[in-house]
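One structure, as structure tokens, below. Some questions next.
Letters A, B, C, D, E and F name the chains as they come in the text, with residue numbers starting at 1 for each one.
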């Protein structure tokens, strides 16, 4: 699903396919496979301020490393996770990712993707809209996520529980 | 609009174009043209259970053959169809279809497409999200729908009237 | 971002890229850059009737020339524009634009694009769905908008303020 | 030991106490009980605009609407006349017509069990009618067909409805104010208006009265619309262009000075009607439409045509909830949905026999000023919504309407005053109190408080009688 | 000087005045206070369907539901029996089970502070229980565990609940009407039903009673369903096909004539129950399912099997809010959510021991007729919604139910009448008045009007006592 | 014959009956009338946190907020002082400032008609003021400008507001509890806090008091947060890593034992205030922040610095609706929106003069624990929502708060108790009753029941007077 199995150069198509595939794993609740898409020091970030530049010195909704993502996934799967009884489901509808950078030298492949995201649980349903930014890198011959950043269009509005991943 | 007018092999582009065009016919209320996209034994299916495998031994919201689709279309056009006074309209916003299979031997071309669907009537409006799966086949030299399957992300939630086609 | 910097012929990819880029400028609040995408006599049109054919002899929600678009932008930026205290934000999620015409002789490049649009202000949020039609032309060697037309699926429903651009 | 929960129902003194000479209590805008009473009293005792006869030109044509929470069905019968009935099947209550307008053919057929009604509302047929033999069918009100609205009036094709039997008759209620409608119709060389085009529908999260008051609030444009009209004029000046821009022509007058508004005058009429722009108007300086004058002069003679076109009234409020712009041929309806929710529908008229270009200007005006995409609309709605939430503040519970107040002013006079006066707002509230309280009993244990009454849109008392009089 | 705001609470005369022999007042459908009283009285005094025991076959299995606004928890205990408790932790009120169904293992553990309850609801353990030493823990109701629902009955696996202690006992309430459930169960060669498959859930913006009345409204299909069933039959004829189409087989009977319905009869039972299709039914002519007859004859003997399968009742209404279709093995629950909001859940049963194909037909029927995507459903819902809004019209405030009314008809008889009669609707409203008023005091200053009572879903009076009797 | 609809208004006995020594009635959480009375009484009679002076450092800076349903405007005037006014134009009620914060320049200019107010709220100018000549303008309250909130107090930059004139004064209300704010401020080497960063805003569909009670509910973390903190610790152990993970450092203490919580103690103060973590705290074992100690010791001397940093209180509840975490520098506001809707805003403070890293930890804590994306938050909100729906069950109508109850405990004592006691919840409800009833008349026909009063967020009685005293 992801890039350059044969070790060749990364193409724009690889990068775009990666972004689509990443969202699909979330829709299909394949969280462990999703986690594998992150680089060793990959991060998942949802800023809490508009045009935010710093994830730790400015308030973020989420800024997680692989370990904390793993905790979250394990929690979602947990037998005593009552906020997942019943469990949540989600769907992503992505505009075609725009390739922002294909920088082989810097090992950085970046995309920008407007999205529509719906999270549902029981008879409740909430939708979210914004822009996903992926900063990908080659690691072990495969594309991995260095940073996935989600900017919500209404990031300053109050939200109820957001339990899954956008 | 659909594939291989000249009888050549079906390309992924053909298949993707077919999925886009199919949704557009619905948006444009060209229901009869839409019906023509179905193969002779084509089916339109909306499961009522998650990861459903059987359309008839498990509850479905809809599992219609061409005849029943025709009935539905005729009803939508009918002079005494009061639930269409005033009539409904819809719009589909599709993520780019992912081509799942291009199996010429089996005459099976399959796609997976996350979607946002809005159905509106009078001042009411409802939206639906999920994934469309198309199983296409060549019939009479043209791509036709063997099965269109709609999995709604919140398929277990209560719905009001869903009168058009997703 | 837009087409044929080198003066070559316009490709379908150019046209599609233009449509994506145009929406992005709006999302990023770069309204002045957005205005530059309009041809000298370009128009931005939101019909108020279904299948509308005439923007001025039938009711439109909006039918603006460059001057009035400029007024709107200046107003959005204005210090005494209280309906923008706090200001609005928006996001577009586009289905892949369908290229409807590539008519070099007529200098007309047309697309059709189903869209999901969200406009938010303060803790309020509203979404809109419909189809955007772009009629582009080459002007001064660059693609420009002759007409951007927005058909809302529920165009006859009541709306609250729509302050930004779809 | 519990306190009663109604504060205004059957309490005319409490209603009266909401309106003082120079200010009104916030509850007129934000209290849901007051809103409910407006539906039951104010909107039932007064003549409410329901539609335009040109929407239903042929037999079988119908239009539907809601007044005071009541679903109505207006139809043109085979006799060529307009009839108004409640849009509710006589059998089990199904809304008969579901669309804003249409043609029913020879009859209205209820979609549930197929009872059929003539286009005047009378009962035509009941399937398997023998099932009612011996059941006393003919004693039941349904045998008469749809429940009719008795009091309606088609005035130069404008259809007005009064739901209650009480209240003033049509002429007494509107009096001289009908001159604005007359003038608008007279602007057609043929003396006839055609409603054309979908209305622009704009949802406002505020009380409907804020919108009505705003129609004669001449001290707000230069401030509130600085952002829209002011910016438009400024940007236009920067272009250095010498031509006329059609939108600027419409927007620029919103930047007029206090002096302009002071001088252009406001005329108030009894029963809450009134208009701005007596001696002048923001609509005075529009471009000529080629060919129009010739048609008017041909139709009316020059003197009369000049008189008609010289009457350039700005906004005419027909109390309680419409505003007519004669020189622009628009009609705005402020539909009350809740204390804090109002749907504004802005309709456009074509002047029969006039050039297309005139109607194009009407449409241009409508979208530029009245659309949910209008920058002028954005300015105003922001104010209304801020008031709706601001009024919750306890620090001061009264809304001021005292500009150019004169303690000797007569309540129901016809008089022209300074154009920046809030006299017309006071005039409206004077009428508001009258029509809220005129049929309100002061006795809490009698009147409409029997079971089955009261909380729903209109009092049950007398309801049974109404349809009896077909 | 203010008027009181309750019109129906503690006012049995006002409730009674809503129902006349031949018509009912619109407030039974549109008034929120009446709806609230339905929750407190009607749905507490009658036996309400809560679920099916086959949903909880194993110890620790549970199902959750709401009745009269009350969250309930139904569980199968280690003793193999079904227990019904309020779904509310004895400590601070946390809903114990969050899912529609599941297995709790050996105990219900409250997710907030870990109090544990046995699967019959009794208290098992409290973490750090010493913190309650000397605090009078044993005097508090919580020591008894979850508050039990005392009155419930599992009848052939159908679980019915009565929240109040008063009211009729199970047999007295249902009487002969249980024969429909019996017949449906008997249609299993093993005499056992298995609830299988997710319910189809369909939201209706209308009052729940419109749906219940529609179940025996035989004068609407030929009109209201002309658009769906009528079109289906017409299109089918156009195909010229000779085979049987499974959907047409189900849809075509909706186009039956008035004569057919007149003759097939309606049987009414006391307490508001009744069914259509006494001598015939729209379900009579379905295709044979291969192998089924053999199983039935094998299980019951031919004569009895024939008797069972020959009873082809159409719709059986169990008052107040379910409908059972024996020959189709479906059960529809009309869940009242507000005066104008009803959730319909349509459930399917598999006949234990019968061929798969029978269950396939059950599912086909359910999605063709009962789904939010059903064209038949679209027809009906449109009617309900039009009534819900149409009833706001003041012109006529009563809904007619007088078809084939006989002024001598007895209120609680068991009798078979003409199939187009509205007798069953009248039968329902007769029971409605009884169970609305039977525990309603007429004294406004006593009874449940103490602080802390009344407005919430059920009266506080006696509430403390209820759980005491485990 | 109708029953009155108010059950609690003007009925202090009914309010008192909701709170028993060991339990409280569900209506305190789910009844909308009780909620409305909380807005009118509890939130008007007590000192409510409104904002932090560091949000408005410069003249013309303003912040807006809502207290008890009232829109307020807090501004810094040219005299350098903070002023609090109702955010409502003196003319027609327009909300003056629309944004959460900003700078108004030299004046607040109403966007509707341009009335201008100084940054202390006094009237500066009215356009075309001559229109009020001779109308009695100076007799009207608007001449005084924006309606001021008289009772407010800026304590170490924390702005508290009391809307009513009655009730305790600031020191009497908070007493020793101010020590937590003191400690948090003292943790800045410069003795000053700077509010920085957007708040995290988290919507809860539950009653606000459930959140407040949860702040000192020490028997839930080991159960309710097993899924989040428990999983985190478990997964961390599985990694076998030896370093410290910043999130684990914050999450792990949530898995502390009952014993830990028992011993760390709870201190209650009069008037409903109290805190957990007297002798120990979950915040005790955080890593050192390089450079911070040096700054503190430099600023305060070692002994004092040690005392400050040694006070590691866990959660301090300032009754009724905020919680302060001194060692973490966060403040959570529980904004009541409806009986079943609460908005939680979690704010972060930077310690002036302290290293950046400390503020980074504050932000880390806030997003890890208080965000709508927080797994700890998910655990808690699930409980609150389950209680909100569970409480509808009639089987048992009381919520228990009797853990470690002692029938001799004094209502308004300052005392330290076992950390698993529910004493602080009892303390809160004791204060709740006092401030709900202290200005509640028991006479249903007097007091605030005049027309124009009552249903809106605060009583009209005295409202006119309030702004008079500028």
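The working rule: contacts are C-beta pairs under 8 Å (C-beta built on N, C-alpha and C of every residue); 3 or more make two chains touch, one makes a residue touch a chain.
Computed from a predicted structure; not experimentally measured.
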Per the touch definition, the chains contacting both chain C and chain D are B, F
By label order, what chains touch chain D and chain E together? B, F
Looking at C-alpha means, what's the farthest chain from chain D? A
C-F or B-E - the one linked by more C-beta pairs in contact: B-E
Where the centre means the average of the CA atoms, what chain is farthest from chain C? E
Approximate Å spacing (C-alpha centroids) for the pair chain A, chain F: 35
If you average the CA atoms of chain C and of chain E, how far apart do the two points sit, in angstrom? 52
Which integer distance in Å separates the CA centroid of chain A from that of chain E? 45
Junction residues of chain A, two or more chains touched: 80, 82, 93-96, 116, 122, 127, 157-158
In chain E, what residues contact two or more other chains? 2, 4-5, 7, 11, 13-14, 98, 111, 224, 382-383, 386, 449
Could you list each pair of chains that touch, in label order? A-B, A-C, A-E, A-F, B-C, B-D, B-E, C-D, C-F, D-E, D-F, E-F
Residues of chain C defined as touching chain D within the complex: 46, 48-49, 56-63, 67-68, 70-72, 74-75, 78, 80-83, 156-163
In the complex, go through chain E and note every residue touching chain B. 197-205, 224, 226-228, 230-232, 234-236, 239, 245, 247, 343, 348, 356, 359-360, 363-364, 366-367, 371-373, 375, 377-379, 381-383, 386
Residue set of chain E touching chain A in the complex reads 98-100, 102, 111
Considering the complex alone, what residue numbers of chain B touch chain A? 50, 93-96, 98, 112, 114-116, 127, 129-131, 153-154, 157-158
Hey, which residues of chain F end up touching chain E in the complex? 1-5, 7-8, 11, 13-15, 17-18, 22-23, 25-27, 30-31, 33, 217, 219-220, 222-224, 258, 262, 382-383, 386-387, 389-400, 402-406, 418, 420-421, 449
